[in-house]
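Across the two complexes that follow, chain A remains constant while its partner is chain B and subsequently chain C.
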Partner chain A sequence: MCQSILAQNSGAINLNEVIISDAQLNNFSNAQSVLSLNDSIIQKNQPSLTSILNYNSFIYFKENGFGMVASPSFRGTTAQQTAVIWNGININSQLNGQTDFNTISTRNFNSIAIRSGGGSVIYGSSALGGTIHLNNVIAYKKQFQNEILLNYGSFNTLDLNYKLKFGTEKLSTFFGFSRFSSDNDYQYIGTKLKNQNGAFHNNSADFNFGYKINSNNYVQFYNQVFDGSKDFSGTLTAVSKSKYTDFNTRNLLEWTNRNEHFTSKVKVAFLTELYHYFENKNTKNYSSGKSETFISKYDLNFKINSKMNLNGILEFNQTKGFGSDIENVKRDIYSSVLLFKHQLSSRFQYELSFRKEMTANYKSPFLYSFGTKYMVNKNYLLRANASRNFRIPTLNDLYWVGAGNKNLKPENANQFEIGQEVKFKNLSISNSVYIIYLKDMIQWTPANGSFWTPNNIKNVTSKGLETNLNWKKNHQLHSIELNVNYAYTISEDNVTKQQLIYVPFNKLNASICYGFKNASINAQFLYNGKVFTTSDNAYELNAYKIANLGFDYLISKNNNIKLGCNIRNIFNENYQSVASRPMPGRNYNLHLTFKF
Partner chain B sequence: MGRQTTRRKPGDLPFFLINIGSSGKKIQRKNDFKKSVFVLRVFDVPIHFGAK
Partner chain C sequence: MHFKKTILLAFSSFVLFSSCDNNEPKINTPLGAYDNGILILNQGVFLGGNASVSFISNDFSTSENDIFTTTNPSLTLGDTAQDIGFYNDLAFIVLNVSNKIEVVNRHSFKHVASIATGLNNPRYIAFCNGKGYVTNWGDGTNTTDDFVAVLNLENYIVSSTIAVVEGPEKMVVKDQNLFVGHIGGFGFGNSISVIDANSNTVSKSINVGDVPNSLSIANNNLYVLCGGKPSYADVETSGAIVKINLVDNTVSSTIVFSDLKHPANLNIYENQVFYSIGNQIFKTELSSTALPTSPLLTINAGATTSLYNFEVQNNAIFAADALDYNSDGKVYVYGLDAQLQKTFSVGIAPCGFYFN
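Let's turn to the complex of A and B:
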């Protein structure tokens, strides 16, 4: 019952009878650190992507109160410099360039992978600090399974999930629905105040379909719809009446043809995002924005021989933006990518890749990455990589009425990293050290004191260390697993030498799970060091420590009913993730999982 | 659902960037900007006060 985290580059997916759309995650990430979270750990955590990554990865999160807008800082970079990849497709907002991690429900994914370091050559814009991969696996096997999860807790928080899997050797179908809602009216610890105007609810539906035409040809369809609404909660000193709604759809159709030497994939994707912002939810006035993205991609992998792989990708990406505050715009981007992998000897492997984009909207840099992996012996591995990555200006940056700057250049960053992995029996430890030189960072500044506009004004250097430790042991009816992540990060403005705001020097999380027969107990711990909240480093938020405890028990003979409970923030830590926005104190929930 | 507001005027603060609390109270002091600006960001968009 304690299965959780797959350590580094295990590949994780057996490709014989399953299809994973994001093939490059397995094939061309050998020189980088990849942490995979399987569906067992996904079910153990709260449904938002924020929660699962906060407690199981190196990534630091800022949350404007529980369930509110949440954004990451990965390796000292900004929210817009981490790309979220859904089945191989970059889904960061075209409008603001980032993903609100509380608008991604994780319940319906088979695996979540965290790929540290640059990934722009493969995944395009925003993959500077790292990439988060949300994968649905399409399996061709006989199955029929229903699963229901009911989770209810403090503040009238409800987490519902229903999953249906149906398949044969030629057909695979998955449907999942999840709902997450809360009154979210928790008391601010040490005050008589409550979190006001913080209620939220969201619904997420996923549908995946695969058909095996014959042993060489497969057709897959992936679909996701997210519909969410949240009131923006107030702060310690100000009441809020605002509300924000999201409606996002993602569709991907893919045809895979594979034979002895060639695997070709033709992909067509259509993504939409729509928001409404009500400054005062009691009135009918709102601002809105919408984008529609069409992607077509041809991906050809040539297995030259058992030791060499060549992969070429051609992509066309068209984005249209509309809204009350941006000009109606269209952006066309043509990309070409070449990836090469060579197993030079049984111990030494290298990867080499290039990307060039063509667009009329900005001057695109030539991107590269180079990585190597060397197995010193069966217990010890060394890896190194270097890459150039970029982030393109968002539609808001370019076209916001009266403020956008059409002369913005893409941000670009050179990154260097070395790492090592030690595996000994049940213990694995991996370390990475890195440095990122970021140029032309886009920031909004009040030109002339009042007119806010974005400019390429900042150069930043980020450097740090990441360590992951995993240990597991099974003995007769006992199982135990320990997982620890630690990140040390320095991210400085090159001119002022000040740490960037909301980047902690230290972040640590740990989880331990012990199982015996049908029962298990698990504990999570999170430490976030202090962060500065102003660019002159004059103001800061205190460090905080949070601990959670959970119990699970399989109550039926054939293990298809599980009952459990969680106590979160058991020491009732009074903490803020973003200044003036207190987070919840101790809270509880009960959950029931039923499979049939 | 309601009605869309008219387009904001040039120079208006983009809502995703900064939201002065609806009560008029202001949240976070920025001493490095002469006019003492108080900000509350809705989204995590990088901002910078003072000269370029």
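Let's turn to the complex of A and C:
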């Protein structure tokens, strides 16, 4: 996305000494569509991962009211079939298998990438519809910079971010803190009701450290702590008094050794998640769940020659579950991965990869991925890929007290996709069509009409089209950029032939930005087609259109102070993302960014 | 003959309508669009706000869904409907998650009043001694805040509450006494509270089997169907039918199910006992001390069949199929010979039948 012309290089990173932990995102994603959102887009959007992806990607979201639990549907799949990858590590909850996209603050990441399609060979469980990559880029360069973002708006909503970057040629440190809070007591349009019990606040702290021992050896450390609390908001017909808190920590230490032919990475990671659910926030009664995950990984990339790359990964993953809601358990998973890439000619490249996991807890399928990329000419590219991906049963599925089913199999899906990319100087258009055959989908259903238990009971076929268009032009002091994403999705139960609930047939978003000298104006547009809310498709939620408008102005000579405002939902659309839960009408905010 | 009259005559000794004030004679002309028929309460989806009421005429010639919204287009019924109780010309619809009761004219379904204060996790409603009684679980995670709310039927206000043990669920009425089954809320109960409607106090607690889920009175005896603790409990237990003599409110006999069976939905009709286990409906004689080994009928309408409730009335068995609890449910009408007579499509998760 463009910005005022004078600021365009301010966020750029010196590319010669940059490391991201998720090496496979660059090396083994050539046959798939990857959409990258840079830090200027990250700064322009609201701080939750839900908001930025809703307005800038193909992914559909349902939100239990603004700021509440948000679940994606990527290529017609469920929330548990989309993996979130933090610096190369899969961070979907071990308890419920999904990520609540409103519990990820985007402010402290340099880049967010959306990789469409199967990714289980590289990223493991849940990478069926696609993967979302949150990356902290570690740059070795001389710098010392502080940045403060203050953003305040309707419903007493505060979005605060502080970032400190300090580095030399040998050392890189980053510290970021962000806070997002809101009373969130917006009026339900056309009623006398307000969004009741919807307040939330969360704090996120990120710390990254990199040390370059010599030109071949690097040690890097990534850390994130998220502490959030949200009152679960009521609905049009139900008053709520409940509250939910999350406390998640993520730590990754890696040592990279590289020479002409080999790059080896030794990684150890430790992840924790802890939730408390208070049915009545005014009392001390709660239920809770906790998991701790230890990961050790050895990743060796062998550059056989300038045309061939071989990458092997061995991983050990141990997860422990605790709490009042699940049985105390331990799960060990061993996995081995082999990835091969071959540039057969200057125009043709293919990738072939395999993964096999071993665990005592369930039988794990053999996974593969095969992809090709063919440059027809300098403006036109074709790609195709096929893969088998899976979603393992979660700790809740297996061990929920009184309901878990220890005989569950992983869900598995075969996916086929072809795509094309057209690129000219200012314009690029990319299209993908895909089909996903999902087997053994895990669903919780009532057993004997009384208690609910999960079973592998459903087969689903999803097929669709994704289109991305980007056009940009700079001319003297003017800059303009247009970005459009459109997804058409059919996701059907194989038996009933009904569309899955909360999967829209159509989703479109567009953003346009125009910058002139110190000023810029940007507009966002989102169209979500109707969704069905019941499995017999007898009930539906209406389609909705939302438009947002933003202005930014650099007010100081050395570009270090920026002032702006946003008007969200300018046409005051009355819409529900989840039935019975109206979303906010027109709302406003002011922001100030200060760099020193 | 008027359907209601038939029923009242046939069951004058059974208190099937949970009301001791409801026996004034009725005239034969329909009192409204929804007289002379069956109301089906559809629970809706938890937090979906889509509870509804369906209507089927006694002769099965007409049926209509969502009659509350049709009659009261500016109102939304609410979230997670649990029960309907009739009192004179009124129907009281209990909405569990909405924490409220909507009062409508039972024949026209025109809205009369909303009761939105004084309830906390309301479950079932009964009427006795000119007052309404509503069981409430309070917070599910709090085992000591459960109560029965007493409703003033003049002004529709909760006038007082009666503290009871955890998980008060269904009730039946006999003279000036309410019998409250404690299924146990989030835990597992095993008792019946006897509430004296004159003093609004718990006069006695009667121990029965685990999880008393349905109650019925016949021949001056209270029959309590206990589901037993389910497989996920600390110790799984079998269901039981417990007979309580209403002369002295003591247990006179207990029939225990074998093989950890979990029966539900007790109905007593013309001295015959009906109950369900899973999707099967069983029938036995009231006088029998042995339990049937094979079902009267099995509802097998498809992979997602989920028998949620059934009621035996007017020589027919009305069965509610909630399917996957997230699509429009079905009502099957069987003759007492177990032959399927009619099928109706109703609202989401049908959970109760009320004969109007």
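In the analysis below, the second predicted complex is superposed on the first by the 581 of 596 C-alpha atoms of A that agree within 3 Å, B and C clash if a C-alpha of one lies under 4 Å from a C-alpha of the other, contacts with A are read in each partner's own complex, and residues count from 1 in each chain.
Convention: contacts are C-beta pairs under 8 Å (C-beta built on N, C-alpha and C of every residue); 3 or more make two chains touch, one makes a residue touch a chain.
Being a predicted model, the structure only gives us computed values, none of them experimental.
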If you stack the two complexes on chain A, which partner ends up touching A:555: first (chain B), second (chain C), both, or neither?
neither
Once the structures are superposed on A, label A:213 by its partner contacts, choosing first (chain B), second (chain C), both or neither.
neither
For A:69, is the partner it touches chain B (first), chain C (second), both, or none of the two (neither)?
first
Check the residue A:495 against both partner chains and state whether it touches chain B (first), chain C (second), both, or neither.
second
Intersected contact list for chain A, partners chain B and chain C 235, 237-239, 279-280, 283, 285-287, 401-403, 445-446, 449-451, 533-536, 538-539, 579-580
Chain B contacts chain A in the complex at 1-5, 7-19, 21-23, 25-33, 35, 37, 40, 42-50, 52
Contact footprint of chain C on chain A as seen in their complex:
235-239, 279-280, 283, 285-287, 401-403, 445-446, 448-451, 495, 501, 533-536, 538-539, 579-580
Under the definition above, what is the set of chain A residues touching chain B in their complex?
62, 64, 69, 71, 78-80, 96, 98, 100, 232, 234-235, 237-242, 244, 276-280, 283-288, 324-325, 396, 400-403, 441-447, 449-452, 455, 457-458, 502, 533-536, 538-539, 579-580
As the complex stands, chain C meets chain A at residues 45, 47-50, 76-80, 95, 97-99, 139-142, 227, 230-233, 262, 264, 277-279, 303-304, 306-308, 322-328, 348
